[in-house]
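What follows is a group of structures, each given as structure tokens.
The two complexes that follow have subunit A in common; it is paired with subunit B in the first and with subunit C in the second.
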Partner chain A sequence: MDALEILFTASFWVAAIRIASPLIFATMGELICERAGVLNLGIEGIMTAGAFAGWFTVYAGGDLWTGVLVAALAGAMFGLLHATLTVPLGLSQHVVGIGVTLLATSLTYFIYRLALPEVTSPPKIEPFQPLPIPGLSKVPVLGEALFSQTPLTYLAFLTVAVVAWVLYRTPVGLAVRAAGENPSAVEAQGISVTAIRMGAVMVGSALMAVGGAFLTMSAFNSFFFEMINGRGWICIALVVFGSWRPGKALIGAILFAAFDAYQVRLQQMSGGIVPYQVFLMMPYALSILALILVARRATYPKALMIPYQKGER
Partner chain B sequence: MSVTPAPIVNVTSNPVLRLSGITKRFGRLVANDAISFELKRGEVIALLGENGAGKTTLMNILFGHYVADEGTVEAFGKPLPPGDPRAALDAGIGMVHQHFTLADNMTVLENIVLGTQSLWQVRLDRAAARQRIEQLSADFGLTVDPAATVSTLSVGERQRVEILKALYRDAHVLILDEPTAVLTPAETDALFRTLRLLVAIGLSIIFISHKLHEVMAVSDRVLVLRAGRLAGERETKATDRKELAALMVGQEVKPAEVSPANVGAPLLVLDRVSTARHNGAGLDEVSLILSAGEITGLAGVSGNGQAALAALMSGTQRPTGGRLSIAGQAVGDWSPRAALGHGIARIPEDRHAVGTIGDMSVMENVIAERYGSDRFSRMGFLDWKAARAFAEEIIADYDVKCPSPEARIRLLSGGNMQKLILGRALDPEPAVILASQPTRGLDVGAVAYVHRMLLAARERGAAVLLISEDLEEILALSDRIVVMSKGRLSAPSSRGERTIRELGELMAGHGGEGQAA
Partner chain C sequence: MLSRSHLKSLEGIIMRLEPKPAPSLALTLLFPVAAIVATLLITSLLVLAAGASPLSVFYLVAKGAAGSQFALLETLTRATPLIFTGLAVAVAFRAKLWNIGAEAQLYVGGIVTVVLGTGALPLPSIVLIPVIMLVAMIAGGLLLLGPAALKTRFGVDEVVTTLLLNFIVLLFVSMLLEGVLKDPMGLGWPQSQKVIAEAQLPRIIQGKRLHYGFVIALVSAIVVWVIMKKAVLGYEMRAVGHNPEGARFVGIPVNRVLMKTALLSGGLAALAGFSEVSGLKGNLTLDLSPGYGYSGIVVAMLAMLNPLGVIASAIFVAGIFVGADAMSRTAKVPSYIADVMVATSLLTMVVAILLTRFKVRWR
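And then the complex of A and B:
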């Protein structure tokens, strides 16, 4: 098969959308936090915690959707920790974020070891199965790619629509965007900046955790150490790439996932002449290029990373 | 006019607002000391005072941004819970802050409706909001496009959005904190017309200012604050500017006396100079001569090229065309260091962002322009003794109120900061002085001081370029006036030659298309 022909096969796009799904959840989560003015670098750890929490719930006998809910709650709790430190206490968002990532990751591994002390290879669960949408999934390439996915992927796309609607069409979305741009505008209109920011960080963190859970409950069927593997950091870049807009960030996530799916297929074709690391590197190199081209013009939320203290002189 | 009067509670004799014994301390500083007053329906109170007198603090307490240490606020006969802006808004108090509280990335409409609809409804009702905003705009002369993004608006438009925000919430009391500081004379007139319309339908207004002529023009009653205390209360009809100034400062203020100019040789000559854009327009073939012993006043609405001219003269911007010569010699290489080397002293427009480095000490700031000179360094090492001596000299000579030369400069008031900048700029006896909005935001006492220093430099034979948006200041100090509009310069006029009206027309871009000779 020719390298270009890959781009027109349904299986390639099915894989791309599947790879994109966890990124979409987590990117939306990060986007909500940043729109409210909080950079959430806890994303990598929160995704790890979500991946474990969802998977373990199912392993312990819960059903799949309960697992998703538990993952979201675990994420919201780490979000609460992050928000308490960064919003009312106004601590450095960089330091707190890295701290939350380290804490969430090691706490997850610790609980894993406590819960499964004897295991050498992690147990498997029965993950979400593809749910082809009748009719639509028969449309060649595009239909197959989009409509023969698992329910969790459909939820990812739905999340983008909901986030966009909430941010641009509802009063609470208005308050979130204003809190990230000029918190004193929120305060002057009688709304608590602290409440808006903390709420945004908790909801955003819940979405990140669901993104992590996608990996253990839909893409794969088990929990491994290091399985998030930098996806959280990619999502931070995707938010910038998307200029803090849900639709653009979605395109970014799919683009990155497509690069990733493509490089796997190129690896198989190259026959081992080119070292495989070169292909692994490709999506990241292309992301940097895309950032240079797109994100230089991005206008970021003006109050991003600036703590707001009421009544401060 | 189709004004529907706001449904105001039946209070004919009762005050709409009563402040009793408000006291607020920040550490050892007493910002408000037992202040009490009442506001009646349909009344305009002016709150007059120098910077740091406690005006803004008092209003922030009223609005719930700060909590008072003592005292109570009553609105329409009911006590207002402290520290809750929502309660103030619900009681019908609207505030137009000095630093606008608008989100730049959102539209006018979004900024206005923020917080007026329940946060948990699934859809923002834009249509009804838009209609109401347009009605209010039309009724009160507050023209602004509801769909425009705030970042694209002028300062005057932003202020109108702020007023609309309050009216949209049915405010019965409107607090305006230094509303004219950022407006052109025409915009100020329009604001005053709006305020009169609002009073006519029964709103009460608190107007905070340190500009006497505005207070006289707009208020019914004047409260004067000095150092946190209520220094006096006067009916506007029964007082005059002189008395108010004396109350405000605590003593009589003498305006700077101007002797006839003794004009010498041209020191800095711009010959058809053009530049790139800088905070608005760039220069478009501008010719200007600054001569020794003369103050040249540059009037204009901000954004018309004044910033570009200031940047050019301070060396931060290079000409893209034309010739710049100093003391008869064409300038080749141009940089901030070259400008300083040629004896150009700079008093920058934004003393916080450009004039000083807030978190560095007074001592470090005063040597910032010359730390490499022999006076302040030896073999590459800073001479802190000399720096401290210089800082102490300026503090003594210019009567700067500051805790010590080690204090971080951002803790100083605007007036004291400006005195330090003046001291730094004038110490080497510069040949040319660029004074950009040198008195913006300063109180009466500090303004008079800055004026005296500029006049003294002129007596000494310096060429001064005074860039100001305050026409009164331009008229009082300038020996020659030029007006800038869209990057071009009007022909100069000598003292008293053009009226305020004629200058205003030139500022608006009408009038003669002349170039300075």
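And then the complex of A and C:
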């Protein structure tokens, strides 16, 4: 098959949308945090915790949606930890974020080993199955790509719509955006910046965890160490690339995933002339490149990473 | 460059920027101790969840870390790379250059060591080892120079770029180990050839694993301490970290200081890779570092970014890892408890530092 023909096959776009799904959840999660003024570097660890929590719930006998809920709760708990340290206490968001990633990751591995001391290869679960939407999934290429996915992928797209609607059409969203731009204006309205930011970090972290759970409960059917593999950091780049806007970030995530799916296929076609590691590097290199490209016109939320103390300016 | 009078005015700025007086040594030691006590209390819940007694588990960890000559030497061996990465992070964080890429810089140091140390340079030890160290430091420094330049030129957050580079460099190492650096005698295992005898750091005690990399680490800590405390660059770095605008106002070339910081920080992290290959492992593999770059962040924070403190905190963190390995062989608590303890101590430490700031504010 020709390298360009790949781009017009349905199976390629089905894979791209599947690869995009966890990124969409986690990117929306990070976007909410940053829109409220908090950089959440706990993302990589929170996704690991979510991947484990969702999978383990199902393995222990829960149903799939319970697994998603447990993952979200686990994420929210780490979000609460992150938010407590960075919002009311105003600690360095860089250091706390890395700390939360280290803690969430190591705690996950600890619990995994504790719960499954004897296993050599992790047990499998029955993951979410594709749920083709009648009619729409028959539309060539685009319909197949978008409408023959698992329910969690549909939830990812729904999440983008909800996040966009809440951020731009509701008073809560206005308060979140203002908390990231001009927190004293929020306080002047009688709204607590602390509450808004903590809430945003908890909700955002829950979404990151669901993104992680997508990997163990929809893309694959088991939990492996280091399976997040930098996806969290890539999502942080996607938020910048998407100019902190849900729609643009969604397009960024899909473009990124399409590129990722494409490099896998190119890798198979190259027949081993180019080392496979070069292809595997591409997603990370692409993220750095994307950051450089948008850096000049990036308009960060003005209060991003600036702790807010009541009564101070 | 800065003149003497610049330096004087700079001192004035720094004094004003640091409102609280330098805490006494006793108080300084109190923060990490408080953080460690809090960490033990928190993680004892996990030990209880594992069905073991926290006191006996922590005793086994301590015994495994320092209970015998073997244990102690093993802890110091494990502390060696952590001193280097801890110093790398301490230097960078002091100037608020968020280098989370010590892991990648470490591997670059390892690459340089096997490229130059497997016979390419037929030199005596006394020349070869300094040459390898210098080239490794330059290579590691250059790797961090990229993200630092992207930060100053384009405003690209160096946290994300250094993190992403960790993945890229590890894949690059994997590529080398399956390609040009592959050991033909490695039975298909991805590993490089062993370095020649002239490129090896000798062992401190015959027949034990502790090597002269540990001594180099100690010397590095002292050198970095002198730079931070006595050299103009140290003043500049702290001024840039405290208040970049203020530093720029008094004529400090902020961007150039960040570049120098990047070179120093990346270079120190690369020495960790050099020391592990040259002193301990002998060759480069994909598991050269079990996350020393990331643990270096904890080491630096526990030391409150003090280069001499890094020695103590690196030995402490290494002790937890070595002790937990020994403990998990007898008790049924997974050795990942060490990673949890280290991560928790990072968070308790930043809280402990904050609590003292409140004290100052309320006085």
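Everything below uses one rule, namely that the second predicted complex is superposed on the first by the 310 of 313 C-alpha atoms of A that agree within 3 Å, B and C clash if a C-alpha of one lies under 4 Å from a C-alpha of the other, contacts with A are read in each partner's own complex, and residues count from 1 in each chain.
One rule holds for everything that comes next: contacts are C-beta pairs under 8 Å (C-beta built on N, C-alpha and C of every residue); 3 or more make two chains touch, one makes a residue touch a chain.
Since this is a predicted model, take the numbers as computed values, not measurements.
Chemist: For A:273, is the partner it touches subunit B (first), subunit C (second), both, or none of the two (neither)?
Modeler: neither
Chemist: Going by the contact rule set out at the top, does A:4 touch subunit B (first), subunit C (second), both, or neither?
Modeler: The answer is neither, since A:4 touches no partner chain.
Chemist: Could you look at A:171 and tell me whether it touches subunit B, subunit C, both or neither (first, second, both, neither)?
Modeler: first
Chemist: After superposition on the shared chain, which partner residues are touched by A:291: those of subunit B (first), subunit C (second), both, or neither?
Modeler: The second partner, subunit C, only.
Chemist: In this superposed model, does subunit C or subunit B come into contact with more residues of subunit A?
Modeler: Subunit A has more residues touched by C than by the other partner.
Chemist: Over in the complex, which subunit B residues touch subunit A? Could you list them?
Modeler: 26, 60, 63, 65-67, 83, 85-86, 88-90, 95, 97, 99, 101-106, 110-111, 113-124, 165
Chemist: Can you tell me which positions in subunit A touch subunit B when the two form their complex?
Modeler: Residue positions touching the partner: 169-175, 177-178, 181-182, 184-191, 299, 301-302, 310-311, 313.
Chemist: With touch defined as at the start, can you tell me which subunit C residues reach subunit A in the complex?
Modeler: Listed in rising order, the residues of subunit C that touch subunit A are 46, 49-50, 98, 100, 150, 154-157, 159-161, 163-168, 171-172, 174-175, 178-179, 294, 297-298, 301, 332-334, 336-337, 339-340, 342-344, 346-347, 350-351, 354.
Chemist: Where on subunit A does subunit C make contact in their complex?
Modeler: 41, 81, 85, 89-92, 94-96, 98-100, 102-103, 105-107, 109-110, 113-114, 117, 229-230, 233-234, 236-237, 240, 275, 277-278, 280-281, 284-285, 287-288, 291-292, 295-296, 298
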